[in-house]
Every structure is written in structure tokens, then in C-alpha cells.
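What follows is a pair of complexes built around subunit A, which joins subunit B in one and subunit C in the other.
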Partner chain A sequence: MPKFDAIIIGGGHNGLVCAAYLARAGRKVLVLERRERVGGAAMTEEVFPGFRFSVFSYVVSLLRPEIIRDLELPRHGLHILPLESTITPLDNGDYLGQWNDHDQNRRELARHSLRDAEAYDEFGLMLHQMARAIKPLLGMAPPDPTSLSIANLSGMAELARHFRGLGDKRFHTLHKLLTMSSADFLDEWFENEALKATKSASGIIGTMLGPRSPGTAYVLLHHYMGELDGVFRAWGFAKGGNGSVSAAIASAAQAAGAEIRCNAAVAKVLISRGRAKGVVLENGDEIRAKLVVSGADPRRTFMQLVGEKHLPDEFVESIQRFRFRGSSAKVNLALGELPDFTCLPADGINGRAHLRGAFSISPSVAYLERAYDDAKYGEISRRPYMDIVIPSMLDPAMAPPGKHVMSIFVQYAPYHVNGGWTDARREALGDAVVDTLAQYAPNVKGAILHRQVVTPADIERIVGLTEGNIFQGELSLQQMFFLRPVPAWARYRTPLAGLYQCGAGTHPGGGVMGASGRNAARAILGAP
Partner chain B sequence: MLKTTPFHERTAALCASHAWRRWAGYVVASSYELSHEREYHSIRAAAALFDVSPLYKYAVTGKDAARLLDHVVTRNIQQLAVGQVVYTPWCDANGKVLDDGTVARLGEHSFRMTAAEPNLRWLEDNAGGLDVSIEDVSESLAALSLQGPASRAILGGLDLKYFRLAETRIASIPVTVSRTGYTGDLGYEIWVEKKSALNLWDALIAAGTPHGIMPAGMLALDVARLEAGLMLIDVDYVPARKALIDGQTSSPFELDLGWTVNLKKERFVGRGALAAEAAREPQWRFVGVEIDWDSLERLYAEVGLATRLPAQAWRMSVPIYSGAEQAGYATSGGWSPLLKKYVALAHLRAPYFTPGTELEMEITVEHRRTRALARVVKKPFFDPERKRA
Partner chain C sequence: MNRTVVIGGGADALVVAQLLAAAGREVLVIEGGNAPEAEGWVPPQVLRALKLQGLELHWPDPWISVPLPAGGKLELWRDMARSVESIRRVSARDAERWPQFCRRVARLARFLEALYAEPPPDPLSTGFAWRARRLGGRGLEDLLRILPMPVAELLDDWFENDALKGALGGAGVLHLLQGPRSGGTAFRLLHHHVGCAPGVFRAPRSNVLELLRRLPRVELQGAAVQRVAVKAGAVAGVVLNDGRELEASMVVSSADPRRSLLEFVEPGWLDPELIRAVRHVRRRGVTARLRVQLDRSPGFGALAIAPSLDYLERAYDDAKHGGVSRQPYVEARCDERHRLDVHIQYAPHGADCSKLGDTVLAMLSEHWGDAAPREGELLSPQELAHAEGWPEGQAHHAELALDQALWMRPLPELARYRTPIAGLWMCGPAMHPGAGVAGAAGYNCAREILRR
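After this line comes the complex of A and B, so read on.
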């Protein structure tokens, strides 16, 4: 008899979540992590002495509340600090702010457009209702409408009841969200360019699509999901960086009895007669288990760890067509002083509240679409979209007293850049980002003590995400729900008996959500 | 006219919310920012600065100072070391709680007592025949509470054990610092003469800014003290002096403060009644309750809503049931942003107060009274190692 009930390949947050749920159900679980630490892309590293960075993923927005509760993550050190505002600097020297406080937000929007200030509340209500309509999907294995199995049919019947319950008007809105571009969808609501651009930005994150690409409206909703629970506020920055999310889940998994081995890279899944029997490590060790669960992305799992020869041709073809196309990069800065945005200077202790929120470089939809145009033809955006946070403003322990760390999410930096990624290319990206930022906060250039640029190629090389896609595969409609990662195999199972998937390459997808890991564990444990 | 504290010049300038709360005849900020949320998180993630000047403070000095305090409160004060602080309730002759606060030994014959209610008369009435002087220093002594994981670094790495106190200087201002607070976190309370109050505030803000200090108000404190399972007078219990009927009074045992009752002391106010009560099992206990999320979510889903959570910690009496029986009532509750749990502090009757017991708490959902599953749990809800370390 194998010593383990289940081997989890990859100690990313989904693998750890899956391990924790399996261990809590009494299974003997072994997590194998290739790197020297767990976390995958959710990790914190002291890149420069005294300065700690969430090197890759940098905010928590979608981590499922039930996971936080079930695994008691706060007792294992998780503390999510709210990010409350988004400031969009404008090219005319002004800014557009979005604040958590209703009155403050309305007053600020009214400064730009009285119509938008009014529409904002209705838009929020609509998104809330749409998110409620979609939410039940996140916690379930997605039923396949083409399958006649009992489980699928009852799942479909449940969904049909659910959607019928929405009523005509909301169903129509949902259909629009599923088919329109985020820019078109937002045009129906707002007139201010910066507002539309900043909102549409969440529809393009992690995709090789622009705000005018159809289907992006839904992704906007996907990212709103984290705000659904109102005061629950899972949206924010993890104290200690995103590594502390992974550390908390790992600690919960270990407390439940799971074993975690780092520096244990899996070379192959052991397969005999159509069944996964265990794994072979790169050092040649064989470990057997009743089940193997892969947290790696679909291409890595099936093309590399399993191998085409063990899989049906049609399945291999679908996996090969699964799109990654990483499009985003990170620039992490160690700063000797706070950035001073000319549009909103910091003064006194009360005048720094905006530095505890995000800054979005998205002055207009055209700006974003132009950034996308560059990428469409294989270039880095000359003027990229940037989402900037200063984690040390929320958690001062991220940097030495009085000093700061800045995290800049950058798009577009296509994986398939013309001529490929080189050191020079990486530095050129860093320069483009710093130059763009310096237009809005000129003191930044002189304040940089250290700069780290992480390209999609770096993401792939360091954490093993194919083509550097931060969601383990593009979050675009043709590869979501029952199509993620491939039709007929969206319910965490694979064509091989005993082999499961638990990564973000499965439904419902990425965003440090943990839902894939939890859903996979539930599928393995036979929960409905 | 309401009084303002010695820090008012600074706190008023910062109070963007214009939200103030009354406390012992003073006004203090409910929150400085428009929402108390970030102020709360600063308590747990960086450092928060509270103006706690409205506390009643008494300087008790003289040869018999220890004897007086030992006679009044339930804990042993004679054995208190110089530089030590204790939390303690004090009772009337029937063993019912009058108030709770701290007693600090500043010197062999010098103590400072803090209280939520005026206690000068009570102390004087118990001082008959003793060589002791009692001075109400509530107005002349200002106080700040600096709470949170960064608080030690802000005080320059001050080496002070949990519930100890030291005379020191902050930016050359003479102060007393005690390792105490009302948040259940690493933290200090700083006592300063009124005339130096503003200088102290400025010095702490300057030292704290690189560490992310935030001035924080009472709404943030409400959440932190709930997570810490710390009770509040007039909210979680009625002090015996204000009780209109006997049923409103509570003994320390009923408030989960049995550990503070030192029956080895030969004499103290209420000892007889408390000794008798200690011999039998208490009929009531003050415990923690966790409201089950799935149960709450179902109640809201039934009317088509996403789960609603209280935006602030609440303080009112909410019935708790076991089937058809009323098992007790919650007196404080709210959402813990850190634990992501809805928690409450409750008075429960025997046998319902055993940890793990499943009960139901009344919740009003869309104007309808319903009941959500609630479990009895051990207090405190949140207890980080750094609090004592």
C-alpha cells in the first residue's frame, strides 16, 4: 500500500488549499514543491536588504471567505489590510479618486461628472446583483451542458433554476456582461474617460486582450467578486505580503497533518495502465500514492509531467490550444522616500490617506487600447497600464522605518515579445515604467534604492507558470467555466484515473482565490 | 458643556469625520477618518494612538495605601511589586461588581488606580482610620494608549514586561509608561502631566510616523476589545451602584473574573459573599460566542440578499436561545475584520455556557426576527503571542 493517499504537485496556494482540505478529511497528504519555499507566485521575498516584496501577485481580492474560515487562516497569521482608494492621475494635472466612503466618492465623481456620480451607485448595485448571480458558480464543479451524466444534469438543473430566478432584466444584463467588451459595457453607464478606463482595467488584467475586446466585460465582474461580501472586505493587502497568505495556508495544512517537502521537483507522473500511481522526482526518487493532484498549469501538467503518449489525442490537442499568452509584468521598487504625486501632494498625517490606496495609470480608454496595440504587434507598451500600491504604507514592517516598497503591476509586456526577452529588454521595460511613473510623481526617480523587474519570461522561469500567465491560462470566456481548461474535463478530473488538477488552470481560475484547490479537494472527497 | 481632553487641540484638527463620542463627561473621537476601518487595522498591523484621558485616575499614597487598596479590590495588592500593574474588579459588600480598572504600584507607598466610574467617595469611605491620602488626578493627568505590534519600536524598543510600569522620558518629557491596554495586543499606556500633553502627542506622532502610527478612535477600540474578549462597564454589566433591581448585578464569577478573586486575603469588601459563591458553581458565565457563517448566509439567501454584517461593533442586549429556552443574552458583538468571523460576548446560564454548545442568536433579517446558529467558544477570540512577549 502506498504511504500517501494523495501527492500534490506544487506548493502554490491552490495546492496548499487542496492539501489542507484533504488532510482535514483525514487523508495522508504529501505536497511536493520544486522551489526552496512554498507559495508559488504568492510569495514574499527580501529582495533588497530590509525591503520585502510580494514579488509576483501582490494583492488579495478573491481569496474565498469560506477558505479563510474553514482553514482558520487568521489563526495561522493571515491578516488582510484594506486598500481603500484608487487614484487615477490625469494628464491635465488633476486626478480622479475613487474612495470607499460613499459621500467622499460621490463628491469626487461629481467634480468630474454629475451624471457619473449618480450612475455610480446604480452601477454598483447592478454589479452586486450580477456578482450574486455568478457567485454560486465559483464554489461548484462546473456542470457541462453537453453531458448527460446525473451529476451534470442535476448541476445544470440547479443552474437553470438559479438563472431563471434572476428575472428578465438581470438575465439580459448578464448576457451583455458575458458578450461585450468592458469599454462598450462601461460606455452604457459612464461618460468620464478616466473612470471608464480605470474600471475597464480590471477587465484586461492578465489577458492578452484590450478594453475594446469582446468578453472583457465579464472579467470585470470576476474581479468584482471579491467585494461582494460588503463589510467582509476580503479585498486588500496581506500583512507581510502575499507570501504570508501561502504561509498561513501551509501552516493550516501542516496543522491538519499534511507533509510539505520543498526542493522536491517532480519530473514525471508515474502512470501504469491508464492510472496515476505516484511521481518520480528529478533526483530519481519514486513516491507512490493513491492519487496525484497537480497544482501546475494544464500545459505543464499534461505535456511535461504526464506526457502526450498517455493521453487521448483530442485531449492533447485541446490542451495545446489552451491559451496562456502572459501579458503582464511587475516592477518592484525600494524607495528612500514616499512618492509625491503632483496631482495630490501628501501633507501632514491626514493628507497621506491616498497613499494607502492604489494608483492606477489609466487616464483614458484610448490610453489602454493604445497600450494594447503595442502588445498586439509584439512590443512592450510604450505607455503601459500600471496598478501601483505602496504596501509599506499599510504594513510598515515591509520596509525599514521611514522607507517604502512600491509594487507596480504593468501591462502590456507580452510573453511573445518581438526578439524575445533579454536583459536589455527587461531593463527597457523597467525604464518605461519608471519614466511613466515619474511623469506623475517626479521625485520617484531620485528615491529609487533598488529596482526589480519581473517579466513574463521571469515568471515562467522562476515559478513555472507557462508563458508567464498569472492566471495559469488566460481568463477569457472561451476558456472559463465548463471549458476550463478543456471541454469535458473541467471538473478537476483528467483522462487518467487517479490524476486530478487543482490549479488556477481549472474553474473558476486565478487571482489567489483558492477556489480551484478547494473545489478539487471536494471533488476528490466526493462532495457534491 | 462637555469637557475636552488635554489633547483636544491635536485630535480636533485631525478629526475629519466630525464624529465624537461622550466619555465620562469628555468628548473623544469616535473615528478620525471617515471610517474607523483603517484605524482598527493599525491596531493589529502597525500602531494606533488613543486619547484615553477621560479615565478616572486616583493617586493613593501613604503608609497604609497598600492596605486600603487591598481592602477595596479583589486581588492581592500587598504583594504587588513596585512597578507592577494589575487589572482588577472591586465589589460591594454583597460581592457584586462596582467597577473594574487597574492598580499600579508606583512606589512602596504610592499607587495609581484607574476606574471607569468616579470612586473617590468609595475609596474615602473605606479609608477610615488608615494613614492614606487619596487624590483625584483625573483632570491633571492626561493619558495616551499606544497599541499595536509597532508600539515597542516607536518607544525606542522599551524593555517593559506585560503589566509592568516604568518612569521614563519621551522626547525629554517625564512620563509613566505601563505595558497595558484595552486591545488585547502589544501595547502601552502613557501617563503625562496635563501641561506636557501636546508635546507628548507630537513626539509620539513624530516617532511613530515611520512605523505607520495612526490616531484611532473609540469605534476601532470597540472592535479590538471585542476580539480581545474584554468586557465594558454599562455595556456588558451593570455596576452594582446603578442596578435598579438585584437581578441586574453581577458577581466577578458571573463575569468570568473568578481568577481575580483572591480568597486567601483575610479581609476585603465582599469577601464573605464571594467565598460563599465560590463554593458553588456559578449559575451564569460571561463567554464568547461565534455566529455560524453558513447559517447566517442561509438566512439572508432566503430573502435573496448577500449576507449583511454589522458595520460597527454593537452594544445591546440580544437574546440567545437553546430550542424553546432562552439560554442567555449577548451584550456586545460585531464582525471581526481580522478573523473574518461574527462574534459576540454573552451571558449564558448553566449548563449552556460550556464551550462547544450549539445555541441560536436572534438576528433581524429584513425586519423579521430569525435565529442563527451560534457556538460557545473560549475567550479571547484573538490572542497574539506578542501581547505578552
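After this line comes the complex of A and C, so read on.
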């Protein structure tokens, strides 16, 4: 008899969530992590002495509230500090602010466009309704529309009932969100360029599409599905960095009895007679279990850990065409002083409150499109889109006293860059980011003590995300819901008995949501 | 008075008019100034309903020729085996895959054909679910996956040759302000495949308009409509530009929705929310057209200058930022009298097209051998808007994209051809199934009218 009921490959947040749920149900679970620490792309590292960074993913919002509740994550150390604003510096020296405080936000929008200020509440309500319409789907194993089994048929019927229950108007709005470009969708609501650009930027994150391409409106909605303490759309920063999200989940899993082993890289899934029996580690050790659950992305799981020869041809073909095309990079800066944005100086009048929020370099939709144009033909964006936060403003423990850390999410930096990623190109990306930032906050250049540039190739190398895609596979309509990762295999199972998937490459996708891990655990526990 | 006035002289308008007349209504067609052309497949349901005989669908054969960078042309024929031979010269792998690709997508086109010849389905109904299921597991998967895809991804999945992908990719972006790397463009490839044999991806031309105009029973009048008179929320008649007033209890308009609802009808009859939604219907024109008379045959029936997907995408990049493509996507068709009809993309509505004619002539002259142009005329999107009645130069009247297709076309509130004004109906390219399927919107609209 194998010692374990389930082996989870990969201690990313989804693997840990899955482990925690299985362990809580009394299963004997072993999590195998290749690196020296758990967390995958949700981790904190002291990259430079005294400066701690959420090296990859850097904010929280989408983590499912039921997971926070079920696993009692606050008891295990999860503490989320809200980001209160987003400031978009404009090319004319002004800025556009979006604030959590409703009245302040409305006054600020009205300063730019009365019409947009009027429309904003209705827009918020509409997105709120759409997020609620999608919410029940997030926790569901997608039914297979091609299957005639009772379970799938009733799943499809339930889905149809759910959509019909939304009423015509909301169903049609949802249809539009699924099929439109974020720029076109926002054009129907707003006129201010910076507002449209900043909002449509949520629609391009992690994709290799521009804001004018259909399909991006859904990604925008995906980023609006966050819910913190019952408040929709709230974005926050985990105290101690995103590693503390993983640490809290790991702690919950261990408290429930799961075993976590780091420095234990899986080389192969053990397969005998069409069934997964365990894993072989890179050091040659064999560990057997009744079930193997892979938190790695679909290509890594099936092409590397399982191997084509154990899989049906058609399935292999589908996995091969599953698209990754990482397009995002991170630049992490250790700063000797706070950045001073010329559009909103941190002086006695303004105070420093705005530095506790995010800064978005997205002055216009055309700016984002031009950034995409570069990437489309294999170049890094000369003037990239950037989402900037200063975690040390919220959690001073992230940097030495008086000093700061800045986290910059950058797009586009295509994985398939012309000539491949080299050290020189990595630095060129870092320079493009710093130069662009310095146009809005000139003191930044002089304030940089250290700089870390993380390219898609680095993400792939370090965390194992294929092509550096932050969602374990593009979140496009043709790779969503019952098509994620491949048609007919979206219910966390695989063609191999005893092998499951629990990563963001499955429904509903990435963004430190944890839903894939939870859904996979539920699929496993519901299975006979 | 129990008269029906049909606005517009295109295939849709004539089909509605004939079907209503056949059902016993007195019908008058106000043709307007422009001379529409019938491009596209005619569903057999339309032919049967009108007992229309003598329809000729015409595709050039090869239906497309693509100049190759090393000289020579890639030719795609209506005959699969000949296409395979031609493709083999550029890629053995693509030649091998061509028949299978054609079969897979033809199956989806057949599914669309059935949907196109009836009013849009209710996507959440069990009936629709069962129909989709009849595609089989593989077919349904293909449908769900391919519709939202960028056409470039679909083609990259199957093929390696740039010229082949360019020729097919062109069909994904025809009349659309998107590039082949934009989502939803694979749907447009399927749309242009509807009614075609497997392996043919361009709509045919036909004599359907002539046939329709020859039918009796319906009075045709050349005049322009100024507005639709509405009394107590219901149609009372139409007022023509020359001031004449015609009484009518029903008006069917094949003009675009903005024109039909916001210009023909006086404001006040419609809900402001609907007015807002109608204003948001996207209809961005992107096409210019060049007509050239050559002194002899250019040596091709249909020629596409779209050497690669990147070429198309770069042409789109210019348009996305508001300009005319520096190196446009060009598709020329030649008739037996050596007249070239050239489709040019992208020329955004309102952009300066003054140099475009020369650019395109220079591009084409490399491919027409010894032929020499006698005369030529370029129509910008603004001129096409006027000549063809295409709003903002958009041939589909409302861009055919997944959010403006099927039950969403042009808006969910209007998708069943009815408007909130009693007696006012809409047909035409803005309605399901859109341009490129001649008479289908008219046929569907008539069915909805006669159902009541």
C-alpha cells in the first residue's frame, strides 16, 4: 500500500490550497516542491540585504474568500493591507486619480470629465453584477459540453439556468464582456483617455493582446472579481509580501496534516498500465501514492512529467497548441528615497497618502497599443505599460528604515523576443522601464540602490511557468472554462487514471485565486 | 391603408418585398440612390421561398492567386486536388494538412449556414444546445474554440507557409478594423466560407439582384426616404426627399440601424437607453476600392497581395493609429472585360486616401504582366459611404464581430428584426446574418413579420 493518498507536484499557491483541502478531508498528502521554499510565483525573497520583494506576483485581490474562510488563513498569518488609490500620471503634467473613497473619487473624475464621473457609479454597479454572475462559475468544475453523461448534461442545464436567471440584459452584457475588446467596451462608458487606458490595462495583463483586441474585456472582468473582506474589486498587499500568502496556506495545510517537502524536484510521474502510481524525483527516489495531482502548468505536466507516449495523440495535439506566450516582466527596485512624481509631489499639501496606492503608466489606449505593437513583432516595448506599487509604504518591514522597495509590473516583454533573452536584453528592459518611470518621477534614477529585472525567461527558469506566462497559459476565450486547458479535460482530471491537475492552467485561471486548487480538491474528493 | 414600404434596393430589401407581396400585402420598394451589388452566397431557403430559378454563383478559379516572394504564384482552386498540388510546391507539410483543415472548417461553415437562414437562435435554449451537439464532439469543440480565436492562431496551428496564411488571413479581416492577431477574426474566416465548397474562402458573386428585380408583384420606385412618419408609436407612412408623403402601415428598412432609428424616426419615440445603444453600434469603415480598366487580361482572376500574416497585421497597425496602411492588403478581381475591382484595406473612414490609388496601382502593376491600365477610379470610405450606402464606409453596416453577431446583431433588443415602433422592421446587412449572405436577412425578417 502506498504511504500517501496524494502527491501534489509543486508547492505553488494552488498546490498548497489543494493539499490543504485534501488534508482537511483526512487524506494523507505530500507536497513536493522543487525549490528551497514553497509559494511558486507567490513568494517573498530578500533579494538585496534588508530589501524584501514579492519577486513575481505582488498584489492580492482574487484569492477566493471561501478559501480564506475555510482554511482560516488570517489565523495562519495572512494579513492584507488595502491599496487605496491608483494614480495615472498624464503627459501634460496632470494626473488622474482613482480612489477607494467614493466622494473623493467622484470629485477627481469630475475634474477630468463630468460625464465620466456620472457614468462611473453605473459602470461599477454593472461590473459588480457581472462579477456576481461569474462568481458561481469560479467554484465549479466546468461541465463538458460534448459529453452525454448525466453529470455533464445536468451541469450544462444548470449553467443555462444560471445564465437565464441573470435576465436578458445582464446576459447580453456578459456576452459583450466575453467577446469585446476592453477598449471598445470602455468606449461605450467613458470619454477620458487616461481613465479608459488605466481600466483597459486590466484587460491586457498576462495576455499577448492589445486593448483593442476582442477577448480583453473578459480579462478586465477577471481582474474585477476580487473580493477582500466582502468588498468587491478591492486590491491589497499582503503583509510580508505575497510569500506570506503562500506561507499561510502552507501553514494551514500542515496544520491539517499535509507534509511539505522542499528541494524535492519531480522528474517523472510514475505510470503503470495507464495509471499514475506516484512520482520519481530527480535524485532517483520513487514515491508512490494513490493519486498524483500536478500543480505545474499543462505543458510541463504532460510533455515533461508524464510524456507523450502515455497520452492519446489528440490530447497531446491539444496540449501542444495550448498557448502561453508570456508577455509580462517585473522590475524590482531598492530605493534610497521615495519617488517624487511631478504630477503629484509628496509635499505638505498632498501628503504621502497617494504613495500608499498604485501608479499606472497608461496615459492613453494608443500608448498601450504602441507598447503592444513593439511586442507583436518580437521587441520589448520601448515605452511599456507599468503598474507600480511601493510595498514598503504599507509594510515598513519590507525595507530598511528610511528606505523603500518598489515593485513594477511591466508589459510587454515578450517571451519570444527577437534573438532570445540575454543579459544585455534584460538590462535593456530594465533601462526602458527606469527611463519611462523617470519621465514621471525624475528623482527615481538617483534613488535606485539596487535593481532586479525579471524577464519571462527568468520566470520560466526560476518558477517553472512555461514561457513565463503568469496565468499558466493565456486567459483567452478559446482557453477558458470548458476549454481550459483542453476541451473535454477541463474537470481537473486527465486521460491518465489517478492523475489530476490543480494549477492555474485549469479553470478558472491565474491571479493568486486559489480556485483551481480548491476545485481540483473537490473534484478529487467527489470522485469515487 | 394596408401598404408596406420597403426602404432600399439591395437583395435583402427585394426578398422581404417579394415575400410580403406573396403573402398578399401591397408592397412598394423605395430604392434610393445607390446601386447595391450582390455579393455572397444565397441560401437555398431563399431560392425555394421565391421559386427563384437561374441563379449563377460565380467564383474565379483559382479563387485566389498569391504572388510568392521567389516568383510565381500560389494558386488555390475550387478543386481540392489542384490546390493541394499548388500548395505542395511551397510546403509539403501544408499540402498534406490542407484537405483535413478544409473538412474541419467546412463542417463549422455548414453549421453557420443553417443558423444564417433563420432568425437568430436563443443561445440558452435546449433546442440550440441539441443542434450544436449534432456537430459531434470534435465539431463542437472546434466551434467553441475557433469562434473567439485570432485567425492568425488558427492558421499558425495548421500551416507554415506565409503566403497561404496571408491569403486565408485576409478573409479573417475583410471589412474589419482588426488585424489577424485580434481575437474573433477566425469567426470572420468562417463567415466568408459560408456557402462555399470546402477549400474556398471567399464569397461568390451572383446574379441574384437581377433575378429579384425581374420578379413581378412589387412596385419599385427610385426615390430617397427622408423620414418615417410615426403616429402614436406606430408607423403611419414615409416622407420622401421630394416632399411626397406615402401612407403605409408597415415600413421595412434595409438602411443601417442608426439611420433607420435615429434619422428616419423623429427623436422621442424611442427609449433613450436604446438610442444610446444604437449610437454605440460599431461601424468603422476600413476599405477603399479601386476600379481599373486594363487593356488586356492581367493573367489572374483573383489576386491577393497579403504575403504574410505579419504583413496584414502591420497594415492594420497603421489603421489602428488612424492612418491609411502604408503597405495595404490588396485583393483584385478581374472580370472577362478586363475590369479590375480592387479591395484595399486598411483605409480608415476619414483618413487621407489621396495617394492610395497610386500606391496600389504600383503594387498591382508588378503582377499584371504586359497589361496597361486605361482608366482607374479610387473610392475612399467616404465615397463608398455615399455610393453604396455603407455607413462610415462599413460594408456590414454594423461591424460583424462576435459581440455584434447572431442574437447580438446589431443589438440584442433589435436582433429579431423588430423595432420598438409598431410596424417598423429592419433588414439589411446590419441584421443577422450580416453582409456576404445575399437575401438572408430579408428572408429572416419576412418570416418574423409573417409569423405574427
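As a working rule, the second predicted complex is superposed on the first by the 515 of 528 C-alpha atoms of A that agree within 3 Å, B and C clash if a C-alpha of one lies under 4 Å from a C-alpha of the other, contacts with A are read in each partner's own complex, and residues count from 1 in each chain.
By definition in this document, a contact is a pair of C-beta atoms (placed from the backbone, for glycine too) under 8 Å apart; a residue touches a chain by one contact, two chains touch by 3 or more.
Since the model is a prediction, treat every value here as computed from it, not as a measurement.
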Output check: A:His172 vs subunit B and subunit C. Expected answer is one of first, second, both, neither. What do you get? second
Look at A:Leu394 in the shared chain and tell me whether it touches subunit B only, subunit C only, both, or neither; answer first, second, both or neither. first
If we overlay the two complexes on their shared chain A, which of subunit B and subunit C does A:Gln104 touch? Say first, second, both or neither. first
Which of subunit B and subunit C A:Asp347 touches, first, second, both or neither: neither
Kindly classify A:Pro74 by the partners it touches after superposition: subunit B alone (first), subunit C alone (second), both, or neither? first
Per the contact definition in the header, classify A:Glu36: touching subunit B only (first), subunit C only (second), both, or neither. neither
A:Asp423 contacts which: subunit B (first), subunit C (second), both, neither? neither
Partner chain in contact with A:Met156 - subunit B first, subunit C second, else both or neither: second
Touching subunit C in the complex, subunit A uses residues 145-147, 156-157, 160, 163-164, 168, 171-172, 175-176, 178-181, 184, 187-188, 209, 212-216, 321, 323, 366, 369-370, 373, 376-377, 476-478, 482-483, 487-488
Using the touch rule from the top, collect the residues of subunit B that touch subunit A in their complex. 14, 16, 32-35, 37-38, 41, 44-46, 149-150, 153, 205, 209-212, 214-215, 293, 306-311, 335, 337-341, 382
Contacting residues of subunit A [partner subunit B, same complex]: 65-66, 68-69, 74-75, 79, 81-82, 84, 100-101, 103-104, 128, 132, 228-234, 239, 349-350, 353, 356, 392-397, 401-402
In their shared complex, at which residues does subunit C touch subunit A? 124, 126, 129, 132-133, 136-137, 140-141, 144-150, 153, 157, 178, 181-184, 280, 282, 310, 313, 317, 320-321, 401-403, 408, 412
